[in-house]
């Protein structure tokens, strides 16, 4: 369905655009029909950039993104509109996703005026109620309200309902529950899982490992714009190979066991070498070779359905 | 060192009247104890921590006493509290990332702050340097401006600054939420290090992330809609909580290894009440699965097991 | 609930606006002068330039503001001048705000090269002492109407508004609801005017108020040095004649005090309203 | 750092080039023919006027094709030759301006800098308490809303005519020549005071308001709350807030120059103070091409230079921009 082919994105940064920041470099990724892939990375790893590139909110510097074999970056006017009929996104901050001065359900009206101008009221209300029920909300309680009168969880489910109004096949969920309270998080997650059963493909972007595990079959770990490990979620969690993934697994605070393992090295300098492995500076492995420093490791299959980008395959 | 808080009640003034953000908070903290304070957004944890050190408008003191090391803290007297701030009680604020004056060298700012509090900056310098090594910060950070430091470095610098006078109580407000997982672990462990090196006597760690508290806190206080729900040793609160809200909260956290198609987790239906006009009695009763007619009265915060306090009539009755 | 929360956003603004005395005082003064400008000429049957009475007569029952060196009725001149001042403010200020909005929105929303180019243009017009430019252009124009002067002022005073609006558009553009609008296949212009602009109403109003006041000051200064409208009357021209025809040595203060006082009062009231609005829109400035 | 200044310099160069082009273009479009204007004052008979006209047209190269005039204008500019003033014939424009400049600098520099400094101090002071804020600041609003010339007239009237403390015209009393004696300096100062006061007061109001808003924002900033939480005295918090609030006021100064120049121009007219403003006005009234060009050019250079100096000062004073550039 959706295919990333060596996609890169570079920004000019610094007060006068002196330096180049490789937000995303050379990413290859695939999401098939009805599949949930979680993209896991810390802040600054480029995961949101990837999400925005799929949604055509920012341009692509190199490589191509294809959706059902059509190149996304060349879509214009009517084709772009059709693309949005099938691909939608939900963002992190529910309160910033709504125009503060208008009612929350205005997002539905925008969809109607742009995508279903001809539809008469009866059909539209029926379609609207169906998608609201699909996200487990009672129209009478939630319609005709200002955003600040609804909870974060409700607002996010509203956006999912908005996407369901279209004939959506692919949803980009960019950190959609990180701003929600623990208690309402799970409802939204369960909703995503239900939608998956009904054939919706989802790219679930998050920084939280446990969330990624809960809902996705496949996962990709992102670090400084590169996919360092990818494959079946169980395989990655049970037998993490890349040193960065291993460090993440140890550092994540869990409720079932206490922290052990070495203290993280805090003196990490900013790696300015763009050639070698991006994790070179902080990599704890003792026998780092010249390859690590000079050549960027390529994703190769360490075991079935489990790829890793590390010359030493993490064997310390 | 010991902290005793009795019936502390603080409201927020707004146009539509007072938001009753904190109601009759009563708890105590032993010497050397790291207490985690957790709860969803708007439960009053930041109000409680702010009122211990900087109770300024729009917060309004209603009633309650705070006793630190046997001395009563004049929390409602903004100027009177100055004597205790920084020396007896200090804070690592939520906004630590931009807590330092951007146009001043960090060393210079620290010096002026110390001098303004009547402390000879020169005498403290060696100790300051020693603590920079403790938090793995290079000493020439003092000659740099805050803009030149990364998020994690600024966080640790503020931790060192706030604890320079060896306060007996340190309030650490959401100090890990803005950090990456790896720096988060390091900073949290450093906080414990501050207590172990006797830099501070005891710490209150405020966060919405309970799994961090499980790693570093000795005891955990759970709050809900401005009321204290439960306080107890970390192990008991996490693995055998007694307050219905804590139980639902812990079960709704996805643990690594929980799969959707295997174990479907449950959220808590409904949403926290607006505190402008909160429901009578226990404020969780509208969402509580075991609520019954007694819950219309405010449940007392009783010690049902040794050092395990719960504010819930169901539990009180089952205990009797 | 004490108040129906449904309309919380809107009446919170009204709630504050009604209580903000800076806003109320400013608005009252502006209203007073507007009324004066509207009904003023009806109160006196003298033509502004007619020789209606004794020369340099101090204010009296018959001539409320006294007469000029030529015996013209100062009050008649004053109210006509007021109209001109409000007109210049409206047209000049309005034009500057509109250009500022165009430049600010496009630069803020589009970004990239267009933003860079518009920024350079804004900086150039900001750095060039536009008043000296106006001076020369005005000298060139044989016949100068009030409208022409206002347009000229509008064309050179827009950078302030452009900078403020661009900054606000940039911050709003990164908000997620704009991305959501783009994903709903909304055209950029529609996004600007239905999503971004309504959220910065406060900025647009404040920008207009500042441009309105600024235009009045520039126009009065131009008129004072004789480069104002050749047809019609304005407060600046009054002051020019007063100084030219020795109002100072003669001590006929009633000739030059009222026009200047009116300008200072109007522009001052506008700035006062602006601060009041600022307090209503961002609570930080409100005295706790 | 280097790129930052080269980008800034680029903008100033483009501005200068554009301004000079406008400066050259506009007088050319002036109605009427300046040579004719000049000659008509000489009241010559018909054919003498005719030959004089062709001679001067040639002398002033007005017969050359337009682009050649433009090029010669640029190279004359670099030789510092701004042509001959027809209004004050035959003195060269450059000399006329050179005489007027000292008065301008003497008037503008102190009034701008003092009003900026005093306005900021006063604005910070007024932001301390609600009572001060509501009683004292309205005066600042009124001051900044006052047209420069009106304040000048008022001061001239009250202090000049009624009280008679200060003269209200010229730069020094007409009875004495320009020689360096105490009496002369005394007279210059007395003549200078009212225009200075007028410029000072209007500017003062504007800076006070700007500072009041800026300092309130800074006092609400996170670093202020942090200092409060650590029990730092109000004095230190206010000092830091002031230091950070003054920075935007510095860049504000650069942007205000255009408005201040207009104010100075008009104030000079009120007090017939022989600065560039007074000069440019009389040049326009006498349609003296070259003098107008020269004055306008000088104003542009002055404002651009000031802007550039302020930009440099800003980078030195504000570590954020300086360090920001060097950072990642």
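Lettered A, B, C and D in written order, each chain numbered from 1.
Throughout what follows, a residue touches a chain if its C-beta (ideal position, glycine included) is under 8 Å from a C-beta of that chain, and two chains touch if they have at least 3 such contacts.
For clarity, every value in this text was computed on a predicted model and none was experimentally measured.
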Farthest chain (mean CA position) relative to chain A: D
Chain nearest the global centroid, as defined over all protein CA atoms shown: C
Comparison of C-D and A-C (more C-beta pairs in contact): C-D
Distance from chain C to chain A - Cα centre to Cα centre, in angstrom: 49
Length of the line joining the C-alpha centres of chain C and chain D, rounded to whole Å: 23
Averaged-CA centre spacing for the pair chain D and chain B, given as whole angstrom: 56
Computed distance of Cα centres, chain C from chain B, in Å: 51
Residues within chain D bordering two or more other chains: 324, 327
List of chain A residues in touch with chain B within their complex: 42-43, 151, 153-154, 181-187, 189-190, 193, 207, 209-211, 213-215, 237, 247-256, 258-259, 263-264, 266-267
Chain C-touching residues of chain D, taken from the complex the two chains share: 11-12, 14-15, 18-19, 22, 26-27, 29-31, 130, 133, 138, 141-142, 144-151, 153-154, 156-157, 160-161, 168, 209, 213, 216-217, 220, 255, 257-259, 261-263, 265-266, 269-270, 280-281, 284-285, 287, 292, 295-296, 299-300, 303-304, 307
Complex contacts: residues of chain C adjacent to chain D: 120, 123-124, 126-133, 135-137, 139-140, 142, 213, 217-218, 220-221, 224-227, 236, 239, 242-243, 248-249, 251, 253, 256-257, 259-261, 263-268, 270-272, 275, 278, 284-285, 287
Interfacial residue positions of chain B with respect to chain A in the complex: 40-41, 136, 138, 152, 156, 180-186, 188-189, 208-212, 214-215, 238, 248-250, 252-261, 264-268, 271-272
Interfacial residue positions of chain C with respect to chain A in the complex: 5-6, 8-9, 175-177, 179-186, 195, 198-199
